[in-house]
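Both complexes shown next keep chain A, but they swap its partner, so chain B is in the first and chain C is in the second.
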Partner chain A sequence: MRTDAPSFLAQVMTIVRRDLLRERRSGEVLWVTLPFGAIALLLVPLAIGTDAPTLQRIGPGMFWVIVMLFGVLIAIRQTNAGTQAQRDMVALTGLDPAAIFVGSTTASFMLLLVFETILGIVTIVLYDITPTGWVALPTVLVLAAAGLALLSTLAASIVSTGRSATALVPLLVAPLSVPLLLGATQAWEALRLGRSSLPWVLLMAIVGLLLAVVGVLSARPLQETA
Partner chain B sequence: MTANEHRTTVWPWIVMAVAGFHVFVASMTVPPDALQGQLSRIMYVHVPAAWLAYLAFGITMLGSAMYLWKKDLKWDRRAHASAEIGVMFTGMTIVLGMVWAKPTWGVWWTWDARLTLTAIMFFVYLGYLALRRTTDNLDMRAKRSAILGVLAIVQVPLVHFSVIWWRSLHQAPTLLNPEGPSMDTSMVITLLIAVSGFTVMYVAMMFKRIELSRLEDAVLVSEQTSSGPIAGHGITSPDLTGGS
Partner chain C sequence: MSDGAVLVDLEGVSVRAGAVRILDDVSLTVRAGEAVGIFGSNGAGKTTLLRLIATLQPPQGGRCSVFGADMYSVARYDVRHRIGYVGHTPGLYPELTLLENLAFVADAQGLPTSEALRSLELVGLGGAADRRADHSSHGMQRRTEFARILMTGPELLLLDEPHSALDADAINLVDTLVHRTVDRGGAAVLVSHDRDRMNTLTTRTHEIKNGTLL
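Presenting the complex of A and B:
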């Protein structure tokens, strides 16, 4: 009897379903990370003062900083999620390591997009911000989520199974996420001032593409050493 | 210790001392800057340290790429040694820059693109060194850090060209200026002596650090392969023969 191996897309979807199901059961992003991010947005005005014009000016920047720092927590949950035995089991199923990387990234991307959207609404309400650029703004949100998901998944794959893995991922991701943070904040600023945000959108797209290539190419060697 | 081992242990120290002495003499005999005075002497350590950081991280990238290609741990040791020295020189660059900035700009730190990106580069490579401490498996450690070692090199051109790409308080390249060096010939010569001296020191440090890494790896392998006492080794059966 001959059985056909599942396609790459089917393998990716299997991993996406697994990660989203795990999130539905644990509710880690929705009930822990998201409220944590919202509290951080609430604490900033208490620390620096509640002057409305100042908050309007710093609001978008605060939003992106919190998305980058707290977003890492969303992507690194996979380093805690499985035991070594579970990881070995996934490897033994014969799933393509690149499909596992793409699947994990896609699940993180979807969760990050939800995180960004809800936190964006909280920022608009708390900091009294008027969003502009109804086409460019969603593009920036999508690219930031994709870039951060790729970077965090790659960092989590590099440090997985190591000592202090959970603590190390933010140290690796935070400095390397600077191009994404710059791209997102500068694109937002360009939209606010009525200028073109295209160079910053392109920067984020190029960074995302570079990370995707590195992530896919390094997936197999990383799995072999896990 | 054999005579050969003694030579390999001692000569890097001698080279470092001689190179350091040359840099010191050169930077102290050159006339002070017309505007900055004696403060400008910091440049003869700050600039070579920054150059060494670039070189060290470039070698880390090269060693990492070679490891991924050849799977030979000697390349991993070279990449690691170079990253460690590079982090030290980056830290030195930042601290000396701050010492210079306080009397010149009036602040220890300013949110300039060059300064900020240099600090970020420092943390990226600190992460590289931290990553190496997460496992004792030599192959796993080498492969994982090699991927980061290749990826992290994007920081170097970002730092170097930041003074051109962004409006910067930090001065533009002095020696690598397309219109020629923008300083007095005696200062250029002194700076070149300092850069050469620091490069020689880097090479000597690399030899020492690679040797140390090789010994560390040997100890690690020996610990992992040696057969220690089995579980329950200290437990002996009760002596029942002496009972009444």
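Presenting the complex of A and C:
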């Protein structure tokens, strides 16, 4: 029988381990979606030909669109992840719903970051892009992954009980990810042109912060309505 | 938990789903040391009543407390780890092994992970610990749920149709879990459509019909 409740951090790590272990077993996110992302990136140069300046111009935009689609897929996966019986089991473990939210977001963030890194390399190679801003670019990748992970987890929590969850998630995630996409594409463009990307990085950071606050504060009520 | 202490106190509780009344004016008190059986036909409201006591189903009327925590207040979250609930559908993650499923609960409750294996051995699944849940039979999944109860040792045990689709050994296991919880000063509430089995295992029984406890 339990004597002391685990710390918040320990609870978060419990959820991260669970989600990553489930992903490792199913391979649903990385091993199914990643090749599709790479193929989508490959199709564009095949379609428009090897016009280097055009490819260099559209490459970053293509990359972020595919990352956003991947964020939607992660959200859909999360809505399908829990049956009522599983949700009941988790609720009765006494885990803090905020810890569950942070843990699920962290796991999604890690998966998105791996996805972004691999597809980023594919984009650089296929679109003949010379990366600039070796400090700022990783910051943009991290903020985009964090923002999309927060948005996906929040959207999945909101619609997880509805019968049309799979249809509703993209409708929620796609418009709300616009500020993130805008920030990410413009930050990359600013780096390419040698301008300051700080305003766009700040936009992404603020959006991420807002999503984190809303997610943590709404975790308990959302668990109750699930 | 002192013998006779009130663990569950429902008075005039109702639950609705749209216009349909699932539970209507239900009153029930469960004290430490009791094993209460609720029987009724399909759709009578048995599962809803059990989920309500488990704090998983919010009431929509009446007075309702578990371990003294009002179900309308946030205090209900703090008593959840004292409740063991086994529904009729196993709440296991299909991609994880039986041991990993239990280790997740052990982690979540701050218990040593070694307890997970020990509990699986106690229910006769030590040899199948590394088998994925979706590669295990329904009976094995149910046993894993019972192993979770053994591991966490809840003070209030709630079992939904606990004897269905089980072999003789597993049925004995259910009975052992109930006796063990009650002997330790806890309480158990079981719902079933099998009145005879309820009578042998519980200290008192109630019938539920159309959402009303008789």
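Here is the rule we use: the second predicted complex is superposed on the first by the 218 of 226 C-alpha atoms of A that agree within 3 Å, B and C clash if a C-alpha of one lies under 4 Å from a C-alpha of the other, contacts with A are read in each partner's own complex, and residues count from 1 in each chain.
In this section, contacts are C-beta pairs under 8 Å (C-beta built on N, C-alpha and C of every residue); 3 or more make two chains touch, one makes a residue touch a chain.
Since the model is a prediction, treat every value here as computed from it, not as a measurement.
Peer 1: With the two complexes superposed on chain A, say which partner A:14 touches: chain B (first), chain C (second), both, or neither.
Peer 2: A:14 contacts chain C only, not chain B.
Peer 1: First (chain B), second (chain C), both or neither: which does A:159 touch?
Peer 2: In the superposed model, A:159 contacts chain B only, not chain C.
Peer 1: Just checking: does A:4 make contact with chain B only, chain C only, both, or neither of them? Give me first, second, both or neither.
Peer 2: In the superposed model, A:4 contacts chain C only, not chain B.
Peer 1: Once the structures are superposed on A, label A:91 by its partner contacts, choosing first (chain B), second (chain C), both or neither.
Peer 2: In the superposition, A:91 contacts chain C only.
Peer 1: Of chain B and chain C, which one touches more of chain A's residues?
Peer 2: C
Peer 1: Who does A:121 touch here: chain B (first), chain C (second), both, or neither?
Peer 2: It touches nothing on chain B or chain C.
Peer 1: Let me test your reading of the model: by the given contact rule, A:42 touches which partner, first (chain B), second (chain C), both or neither?
Peer 2: It touches nothing on chain B or chain C.
Peer 1: Kindly classify A:222 by the partners it touches after superposition: chain B alone (first), chain C alone (second), both, or neither?
Peer 2: first
Peer 1: Looking at A:209 after the superposition, I want to know if it touches chain B, chain C, both of them or none. Which is it: first, second, both, neither?
Peer 2: In the superposition, A:209 contacts neither chain B nor chain C.
Peer 1: On chain A, which stretch or stretches are contacted by chain B in one complex as well as by chain C in the other?
Peer 2: In the superposed arrangement, which is not itself an observed complex, chain A uses residues 224 for both chain B and chain C.
Peer 1: Touching chain A in the complex: which residues of chain C?
Peer 2: 51, 54-56, 58, 74, 77-78, 80-81, 83-85, 87, 89-93, 95-96, 100, 104-105, 107-111, 132, 148, 152-154
Peer 1: Per the contact definition, I'd like the list of chain B residues that touch chain A in the complex.
Peer 2: Where chain B meets chain A, its residues are 68, 117, 120-121, 123-124, 126-127, 130-131, 133-135, 137, 139-140, 143-144, 147-148, 150-152.
Peer 1: So in the complex, the part of chain A that touches chain C is made up of which residues?
Peer 2: 1-6, 10-11, 14, 17-18, 21-22, 25-26, 83-95, 220, 224
Peer 1: Which residues of chain A touch chain B once you look at their complex with the stated criterion?
Peer 2: 158-159, 161-165, 168, 171-172, 174-176, 178, 214, 218, 221-222, 224-226
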